Structures are given as C-alpha cells and as structure tokens.
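Here is the structure we will look at, set down as structure tokens.
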Amino acid sequence: MTQIKSLADLKALKTNIQEKMDTRAKGNKDGLVQVKVAMATCGIAAGAKQVFDYFLTESEKRGIDIVLTQTGCMGYCHAEPTIEVTVPGKDPIVFGYVDVKKADEIIEKYIKNGELVEGIIPVNYETVQKN
Amino acid sequence: MEFVNIKIDDKPVQAQKGQMILKAARAVGIEIPTLCYYELNGQQLENRPGGCRVCVVEVAGRKNLAPACATEVMEGMEIKTHSLRVVNARRTVVELLLSDHPASCLICSKSGKCELQTLAQKLGIRDIPFKGEQSMYKKDDSPAIIREMNKCIMCRRCETVCNKLQTVGALSAVNRGFMAVVATAFEQDLAHSTCTMCGQCVQACPVGALSEVNQTRQVIQAISNPAKTVVVQTAPAVRVALGEEFGLEPGTIVTGQMAAALRRIGFDYVFDTDFAADLTIMEEGTELLERISKVMAGDKSVRLPILTSCCPGWVNFFETNYTDMLDVPSTAKSPQQMFGAIAKSYWAEKIGVKREDMVVVSVMPCVAKKFECQRDEFKENGNPDVDYSITTRELAELIKQFNIDFNSLAEEDFDNPLGASTGAAVIFGATGGVIEAATRTAYEVFTGKTLDKVDFTALRGLEGVRSATVDFNGTPIHIGIAHGLGNARRLLDMVRNGEANFHAIEVMACPGGCVGGAGQPFHHGDFSKVEKRFEAIYREDAGKPIRKSHENPYIKQLYDEFLGKPCGEKSHHLLHTHYFDKSKQIEVEG
Amino acid sequence: MIKVKLAEDKINKIKEICAFFSNKPGEVINVLHKVQGELGYLPAEVQEVIAKELNMSVATVYGIVTFYSFFTMIPKGEHPISICMGTACYVRGSEKILDEFKRQLNIVVGETTPDGKFSLNCLRCVGACGLAPVVLIGEKVYGRITTDKVKEILAEYN
Amino acid sequence: MAKYKMHLLVCGGTGCSASASAQIVSNLNEELSKQGLNNDVQVILTGCFGFCEKGPIVKVMPDNTFYTEVKPEDAATIVAEHVIKGRKVTRLLYTDPENKERISDSKHMGFYKKQLRIALRNCGFIDPENIDEYVSNEGYAAIAKVLTEMTAEQVIDEVKRSGLRGRGGGGFPTGLKWEIASKNHADQKYVVCNADEGDPGAFMDRSILEGDPHSVIEAMTINGFAIGATKGLIYIRAEYPLAIHRLQVAIGQAREYGLLGKDIFGSGFDFDIELRYGAGAFVCGEETALIHSMEGLRGEPTFKPPFPAQSGYMQKPTNVNNVETYANIPIIILKGADWFSKIGTEKSKGTKVFALAGQINNVGLIEVPMGITLREVIYEIGGGIKNGRAFKAVQTGGPSGGCLTEKHLDTPIDYDNLIAAGSMMGSGGMVVMDDTSCMVSIAKFYLEFTVEESCGKCTPCRIGNKRLSEILDKITKGNGTMADLEALRNLAAVIKDTALCGLGQTSPNPVLSTLDNFGNEYLEHVRDKKCSAGVCKSLMKYVIDAEHCVGCTACARNCPVNAISGEKKMPHVINTELCIKCGACIERCKFNAISIK
C-alpha cells in the first residue's frame, strides 16, 4: 500500500476506489449483485457467519457472480441476521431473519428471478449525506 | 504567598491559595470532622482518598456536597460546615458506617480512642436506622498484630501507610463494592505476607480493626506467680510518651513515675533497656571500627556500610527485600534482646535464679518487638530471652488496671545494675540517636581522644533521609540515616546501586524513630506529638551525668565480671545474631 | 526463603508475557489478560510470578485481580455457561433462566460442577439484546431462551 | 417462473397487522388473480416501515409510491387504478402536514423516517475491515481538511459552535472540554476514547466500533491535533472481542496509509493510537477510574478537580470522549458547525443513538435527532409494545437513569428534559417495559447492579447502596413497612449528595424515579402485600381453578418439587407451602387452569 501524504493523494485514492465500485455495481446490465451481511456481534450471534459462508460457497456452486462483503450493524436487532441485497438497476433491499434456508430462497427467487421473499425490512432511516 | 477570600460559616476568611477547605477552616479554628484523612506532617505522607465522606460541607452554587479534605478553596467561595443539610448527610454517612460495624465497643481494644466512636458520640447517634448484612472476615492473629476486618471502615490509612510510607506492600484494597476491604495477598494472615510487623498500620487505624497482640494478662499472671522472678525493662522512647495516656502533654518526661508505677504493679526488678542500649554501642561500635579498619586495610571479605540492627521492623524488612545484603547489617542483637540475654545469664546467675524461673518483660514503643522476642534464635531450649514484650499503651493499661494514680506518683530510680544508663542510650529513642551514640564512643576509641562536645547536631533531625560526615580526627566517616521504611528503601537502593558510599547507616522503621513507634500512644495523625517526644529525648540526654556508653560504670563491670571484651567470644554467643533470607522465590514444580 | 512452586512451562510463558510488556507495572492489566488467556485462570502462584516479574507487591496484583470481574482465580468448567443479566435480558426473564440452570446443574453462580464440565456465571450484556434472553456456552450464543429449553441445551454437551 | 414487473409491499409490522394487513394482502391477491396479473405483480408482507401512526402502509415498487392508512377495501382500487392504469390513488397518498401537498414518491418523504443516521452513517454500509470503503465515503477527508486548512483553534471553535455534547452520559460540551485540555500546557498530552460501554442494555459504542472503526480513529486524530496531543488510547471492554479485532485491523490499515504515525498528510503532525483493555468493571466508564485502570491500578475514581484535562493519564493533560461523541466529529468538520447545530433542540444538538430493547417489537439500534418524543420512538420506530400489551415505562440512562412513564411520552428527548424528568440521557440504553414489569423489582435490579459494580471506595456508595438494595429486597419479599419507604427516600437523597463519583451520585436515580412515578406500586407492595405485575414471588400464590382443571396431570408431572397433587381426571391442588413459584406448571397447563393470585 502506498502512503497518503497529501490531500491530492487522498482524493486520487478515493476516485480510484469509487470508479472500481461503479463499474462493478452501478446501472451496468452485466453488473454484479451485491450482498452485504451485517456482521456485528449481535448478527454473528444470531448466525450471520453461517449465512455469509453459505453465500460464499453457494454463489460459486450455482455459478452466480456476487460481490459479498461484511458490514456493521444495520440496527435491526430484532430481525438478525440481516443482509442487504442490491440487484443491478434496483434499490437495495434489506432482508431480516436470514438463515441458510432463507438465503437459499433469496438466491433462487430474488437474485435469480427478481421475485421478492418474505422478511423484507423496510429501511426506516435517513443517512446524512457526507458531502 | 497568595490568598483567596472565602466565607466559612458566614465568617470572612483569607485562605491560602491552593489550600483545601479542611485546612483553611482549621486555620481559623473551625473544626470539620474527618475519618479517612491522615497526614504525617513533614513525613510526605498523606492519605486523602476522599472516601469516607464525613468531612462533606456545603459550597454555594455546587449541586452536591463537597469533601472538605479534597476541595480547593476558590475566590469568593461560600462554605457552610454545619448546615442542616451537612449535618444530616454527615450523620447518615456515620450511621451507614455503623450499620456495617460490630457494635462491640465495650470490649474493643480501641474503645475510648476510636475515631468512629468519638464521631458517633459527637453526632449524638443513639440508633442505627439501617439494618442489613455486615461484613464478616476471619480474625487474623499474627505474632504481633491482630486484624479484625469486620471493624474495617475502608479509610485506607493502613494501606497507604504500608505502601507509601513503608513500601512494604503487604496490604492492598481487595475486592470491590460492599465486599471491598484492605487485605494481604490472597487474604492470608499477615504472618504469611511480606509484613514486617512495623505496626504503622495499627498506629494509623482509626478504629479497632488493627491492634497489637495484647499480653498484659500473661504479664499479670507471671507477676502473681511466686515461683517467678519478673524482670522488666523499658525502652528509651516509652518515658517521653507514656504520660500522654494520663493526660500529660506530649514530650513530658515521666521516667521516675514510670519506674515507680512498675514497682507498684509488682515487678521484682525494674530495669532499663537503656542499659542494654549502652551495651549495644559497645558491641556495634566495636564491630563498626573493626570493619572500617579491615576495609581500610584492603580486606575484600568485609563490606561497608554497616547497618544498625536495633529495629526489628527494619530487620524483617531487609530479610525480605535485601537478601543480597544480609552480611551488611551489624550482627549485634537489639537492646531488647541483649537485655534479655544478659538478664537470663549474668543477672540470673548473680541472684541465683534459674533461667526458667525468670520472666523478662519489655515495655516497648513498638509492635514488631513482640515478633522479635518470639524468634527462635532468641530462645534457649525453647525458653525465650524476653518472654513478653508489651507496648507503651499496654503499660498504661496495666497501670490503669492497678488503679495507680500515675500523675501523683513520686519519682523513683531504676534498680541496679541493669537499670543504669547514659545519655547515649536515651537517644536510641529518636531517629539518628543510635548512630550518634555509636559516634560518641567510636570517636574516642578510634582517635584515642576525648570528645569535648558530645552533641552531633548534624545527625539530628526529622528529615526522612539524612547524611553527614563526621571527622574522626582526619578520617572522614560518612553516615547515612533513614527513618520510615520507604526512606530506608531509598537509601539502601542508592547503596545497592553504588550511588552512595557510607561507612555506617542507621535505619528505624517508624517515622521519627521509636518516639513515633507503633506501640506508642495513638497520635491520630498529629505528628507534632511525635516531634515533642523527639525533643524530650534530647532533653533527657542533656540532663544525664554520663553521656557516653563506654563510660557507663555498670557496663564496664559487666565486661569485667562476665563478658570479657566487646565482640569477644561470650559476646558473640550472647549478644550477636545472624539473619535469614525471607524472600519469596519462584521454583520449578516437580 | 519462601518457595512458590509452578510448572516450568507456565513460569516461562508468564515471564515471556511480562517481558513483552517491558516488565512495566503499569502494564499489569494487559499482562493479566494475556496470562489468563494462556492459562485459563490466575491462581495465587501465577500472581506471585507476575508480581515478581513486574516488581510490584503481590498484594497489589491480588487487589487488581479481585477488582475486575473479568479475572478469575478459579478454573472454569469445560463448558463455561454465562447468563446475560443485562437489562434487556432481565426484563425478558433471564432470572428464570438462571434459576433453571442452577437447578439443572445444582450449582450456584461462580461454581463449577464437580465433574468440571460446566461452570455458571452471569455477565452484563453481550449486545445481542434483540435475541434476549441470551445465554453463552463457551463461544456459542443461544438466543430467545425459555426455561424448558435449558434441559435440551445442556443435553447437547452430554 | 415469471419475473415480476411490480411488487406491492404490505407492512406486516405488528402495528399494521393489528389493523388488518393480512386482509389487505389477501384482498390484493384476490383482485390480482381476478385480473389475471398474479404472474406480473407480487404482493409481499414486509417488516415495519416505522410509520405506524399512518399504517397500514402499502408501498408500490419500483415507482416507490407510498400509500398510507390503507384499508382492505382499498385493494380493488389500488389494483384497478395503480396496477392496471398506472394512475396513483391520490386519496391514499401521504399529505405533507406543512404544505398539504400529497406526496407520491417515497424518495421525497424521507422526513417520515424518524431516524437520522449521523454517528451511524457508515454502520451497515461499508466493510469495516476495508479502509478503502471508508475513504470512498469521505473517510479521512476531515482530518485532511484539519491538517491542511485549519488551525487548532479553528478546529476547537468548530466543535464548540456545533453544540456537540458528550454522548457518554454527562453531556458536557465537547468543544469546551477540548479547549480546556488545549490550554493546559505539558510536554505530553493524551487523547482517550472511552469505549468501556458498561450500561447493561446499551451497545451503540460497540456497534460503531464494529461497523465504522475508522471514524473513531479519524476523530481522535483530529482531537489530538486540536489539543496538541500525539498519543491516543482507546480503553475498550475486553468483552468486545470483535470490536477489538476491527479496531486493530483499522489501526493497522491507517498506519499503512500513513494516516496514523509520523507526519500525517505531510503536515508535520504525529499521532498514533494504542488499545487498552477493560476487565469487567462498570465504574471504569467514569473518566478518572478509566484513567487509573489504564495506568494498571484498581479502577477507583478520584475526586475532581484535578480534572483529566489538567492531570489525567500519567498526570498529563488528557481529553476523554466516548465513542459516539467521536463518531460525530469528522462529519461536523466536513459539513460544518452550522449544519450540525441546525439538528436537534436548542441546548442539545445533533442526534443520539439509542439501543431500543425490552418489551418492544422492533428491538434495535436507532439514531434520532434530539427533540424527538418518546412516543415517536416507541410507537413509530419501535413498532409499539410487544404482544399488544400496555406500555408502562421506559428506562433510560441505565443504572444512573430513571424510568419515564406515560406522562413523559410527549416530552422532547434531550439532555435537560431527561434530567428534569428524573432520568438522564446516559449512554443511550432505552429499555421498554410493559405491565408485566414490577417497578420495585426493576429498581432492585439496578441497585443490585450498582452494589455489584461499586468500587467500594466511598461510604455512601459502598454501604448506602447496599442498604438501599436491602430495603428494596425487603419490600419485594412483602416485609416492607411505611417507614422503609421514608428511609429509601432519605437515604437516596444523601447518597446523591455525598457520593464521590458520578456512578455513586446517580445510583439512587432508579429508586427515586420509580418512587416518584410508581409510588402506588410501592404502596401496594408494602400495604397490600401485592405485586400486580406478578413478578415478586413472595407475594404470589399459584392456584388451580377446579372448574378449568381436567386432571390431565401435566402440571403435577412437571412440578420440580412435587407440590401438586390430585387424582387423574380430577381437579388438582397446589400445596402453597411446598410451591417454589417457578411457573413450570403454568407453562405446561393447556387449559389455563392455573393462575397467580
């Protein structure tokens, strides 16, 4: 990794990362499905790790390209484990109470077919715009 | 000095900037009660955890009450020390303390001298409104100190004294919340800890949680046994402090009344540890000169400095902490033990009493002496040289038990021969005194000249660590002095690291030396009492006709009739000892 | 001389940890964490070695060990059970769960079963409040527990 | 299988379910199949939208139409108008109360969302173990701005003007704290992040550290620059292994990028961070205790002054802030004090994160602007009380706080209002209780916590709190007297007035606030020897109703102490002498024949 020694360095790094992200996720028909698994302590306690692993192995097995990342707490503790799925061209959707069975359903129905499955958690907060 | 203007109880007061409310109030005669606060003025010791909350006062504009001991005065501050809110809070706090304290005042060793009891009386508490669980701990009977932690009020004075003043580290606060208490590691008995039995914790304890092992009963039993010849010896520092127990000013010299009282109690012979102090100087002084001349002659088998070994707390301390230097202290026994050894040999022979029929009692300003007289090396076939060591406070208790009107007693003298002493022996009771006494004798022996002026004022004082160089007729002798074990550690570490070179070092475990001993009347943190005793010691010395140990005629007689010469064979057997490694060592199991 | 005996590998491990923290007394809490992590608990002999290495009084070390609830001088069971007693769990009945564990195991809080299999402790909030009441056995989190589940959970370890 | 062209999301949150969301779903499906649209439009039940006041909600995707107060009979209209003709059903659209306009696209009605995420802005969005994701979300832009464009005074001024107050509980103005520390000169100063989150039921700090550790690192660096400190320490609970791991990863990455270490951004400013671990002592959340713990001592508080800003860690000037406070800093620097100070109330700016827990439907971590009411939090965001039971109280501020009741539901939440109501903000635990909670037992629960966590240094906390908890125990056992109630109040007042540290001074709050708000419940325990909530075992009696009991023997077989007897197929009886009130029988009885009297 290179050191960031100036404001210009930071900006260059940011642009670079954002470009990479854009190409892999946005609008693009061939863009990838993004899956974020909320993996804070409560999520992990409720089984998020198993869900994460399931997505990892199953997406490969079933030949679906997904970008799988971990993230922090989404705040829906009552519905842990929670994941967020972004299908290219569509708004992100948060699913709660995700276990391996539900994960299978999400892959088969939503990711492959665009069919929603139960357990959607409507996002009920606004996030501050950072700039 | 900068001042701030404040009001205490509506009275305008000019207080020193940076001062705490407590001291500002005391300076103008307004007393605020305290409990955990403990200060040894001039000894760099302050216990100010702000934990007991007894000293709370009302400060205008502040939402809660402020601890007077820990709240700095600020310009314009308005303080109420006894408003209804304050008194109610203070009372509730004391009631809470009492709710977790055994109400066994009638039989408590501290009764009448207990700061909690006094406070409860002052506040007029006649009922404890809070009932509930009380802390229960196993009683700890060590050879010298009793810990009854059921009585502990968590003032932390003992912990601070043990760690900060003495650096002994035997005590620490353990557990937390309601279970919090001051204890040794793993809550074992003191005997299994690094405790040196110096007893400064006992001196500091405001309640009866810490006390000395009381042996007055055993003493009375011995006295009333017609088959026993009971001999008593009194340490130098006792005579300048005992009066306090009878309402006399600190520093009042009561040597004559004390001797009289001891006779009234029924001791067969009333002797003086001071005699043995003179003897100690003969032995230790000789040892010092021998070592100096050997070192000067290039003998690598001996080391300097020589360390005094009169103080049993100090002996315990170096046996635990300075095991690499066990050959450095003087091998001379302490005066208490020299006295016992001589009494049970020379004197017993002289009066035709069998060793086992003689009981030697010592009156000491000290708690550690109780431990010392129980050491195995100070016994012959299980019979100790000194049977019982009681404190100044225990002697006062005995006098009271015998209903002796102490203050109206006519002065009497000690018995001879073991009651005769010099001014050099008296000053053993103050820090720097042993080394000054040794200097008076060593100078004359070393130089062959007579001292014109026996007062070595350079060696006197209450500073924690002191050093001075004495001119032995062209040979400079470097002397170090420390009192308080923390100061001793500082000095010894300097020696160990080669940062300081001394010929001789005197160490006393208690601040001020024996005058500030743990067995002395409780000073409750008023160190000026110790200072007054300290001054009295030197007054007593100045008033003595003989002020050099080697000039004590009975000491000369003892050598002529019995011992031969200082550090001779008989002395070696009776008056010298050796030291043990009491440190903890980690060892591989199996 | 008073001898404190401890197995050689343990002594070496402790010395190594103390040295890692430059034998500084101020690092004692870090040292205790690491040593407990290695040995499972902090018996008296272990505290003696730490005190000696860090050049501090063993009473002080003991005072610290007994102050912080994370440190223990008692070896835990093979499967340490921790009942969350945080507020969220409490209002959802964790006390009843605790009672049931005590009854099933016949031990009180802080004890280990005679066979050394289970030990029982309480802790404050693992942060899985959404799953309240929560019980931890070893690293495993059991959420939304009811009293009748206790028996079957314990059966998993038999 | 068909790909759906449209989705109808029907709120299935508890609040909406109660008003027939299931019926709406089935009506919608019926209408769709009538029209033969089952394969084109999918109807699905979702979790709570957090807008229960206007429920039930139906959201149409992908156009984001948001229908409020939908009734089952509206299903036909929605299908006929919106699905088939593509025309929005205006009367079901939400009306903006300000300008009375109907709003169709929910993208423009973010305001209905009661939550605003500032401190949690990155939690759940970025990968906390990937510094690049943080950087691409304006991460480290604030420290860049600070080091390249601002002076230390300007930074402090910005934080001061933002009105940010400490989120750890006390609410001390952060900028002022920084200013004091900056003015105390010393060769070394320290910046400390208090991550010793100990309130049972609060876990926002842990969530921030697990979800967005870089924001705290960046903020501490800003803090270091502002006060002239080059060393930062994070004091974190050892019970948070994941947060520790993520912090370690984040610190490592920041060092690799040169964002920690020497000469950051070529400005000549050095700063680095070390972790220190707590070891299970709640009192170490108090800043002086925390500092002593970091120094390797028992975590006992000491009196202030001296404040840490004068003499803190290693007797050097030290600034201590908590995690959530720090999480706000970078965004304040980026967006400015003016932006931040527009959010919240007059004296409490910005947002506060709460851990919503207890008997509430949507247990979770929420972030709301200061000034929101409890009602909004509980009934909108929280989705109301679990199992439709009655709201009784909400406890805020943990062991230092108090209980708020029905009458406080519409009080705007901020530091000062909560204190006025006898509670406090605390670190943000919010535990909702229903009528099954006994308030005397709740007070006892908190006091037992304080007794266990008291350091034992000062008398009022060590013995006083013990006595308080003993009196409460006596009351819950049915042995309380009227004099005990008086004693509780007096003792509580003295503890508040005399305890040494913040923990002790606030520890009687749970008692005082329940006495104030639920005095009758205390009276009931003392005078009538009754616990309406059915919590205090000593005051309860289990009885079998002979009329309902069929003699199935299930209760008798499950009673752990054999207190239940009776012939098969005959009504059973409980021997109250033997009964330990464990409740096993009630759980087993299928005939509701056992009750607590």
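Every chain is named by a letter (A, B, C and D) in the order it is written, and numbering of its residues begins at 1.
Here is the rule we go by: a contact is a pair of C-beta atoms (placed from the backbone, for glycine too) under 8 Å apart; a residue touches a chain by one contact, two chains touch by 3 or more.
Note that the coordinates shown come from a computational prediction; the quantities given were computed from them, not determined experimentally.
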Chain pair, B-D or A-C, that carries the greater number of C-beta contacts: B-D
Distance between the centres, which are taken as Cα means, of subunit D and subunit B, whole angstrom: 57
Chain centre separation in whole Å, for subunit C relative to subunit A (CA means): 36
Distance between the centres, which are taken as Cα means, of subunit C and subunit B, whole angstrom: 43
Between subunit A and subunit B, centroid-to-centroid distance (C-alpha), Å: 73
Multi-chain contact sites of subunit D, meaning residues that touch two or more partners: 203, 206-207, 240, 281, 298, 357, 363-364, 455
Residues of subunit C engaged with two or more neighbouring chains: 63, 67, 126-127, 129-130
Sites on subunit B at which at least two other chains make contact: 173, 175-176
Set of all touching chain pairs, with the criterion as stated earlier: A-C, A-D, B-C, B-D, C-D
Complex contact set, residues of subunit A against subunit C: 40-42, 45-46, 76-80
Subunit B-touching residues of subunit D, taken from the complex the two chains share: 281, 283, 298, 300, 302-303, 305, 451-460, 462-464, 466-467, 470, 487, 490-491, 494, 496-500, 505
Of all residues in subunit C, those that touch subunit B in their complex: 1-8, 11, 44, 47-49, 51-52, 56-63, 66-67
Contacting residues of subunit D [partner subunit C, same complex]: 198-203, 206-207, 238-240, 276-282, 293, 295-299, 355, 357-359, 363-364, 395, 398, 429, 431, 433, 437, 442, 445, 449, 455, 560, 582-584, 587
Parts of subunit B lying in touch with subunit D, wherever the complex brings them together: 49-54, 56, 64-65, 67, 70-72, 85, 88-89, 92-93, 96-97, 99-100, 129-133, 153-154, 173, 175-180
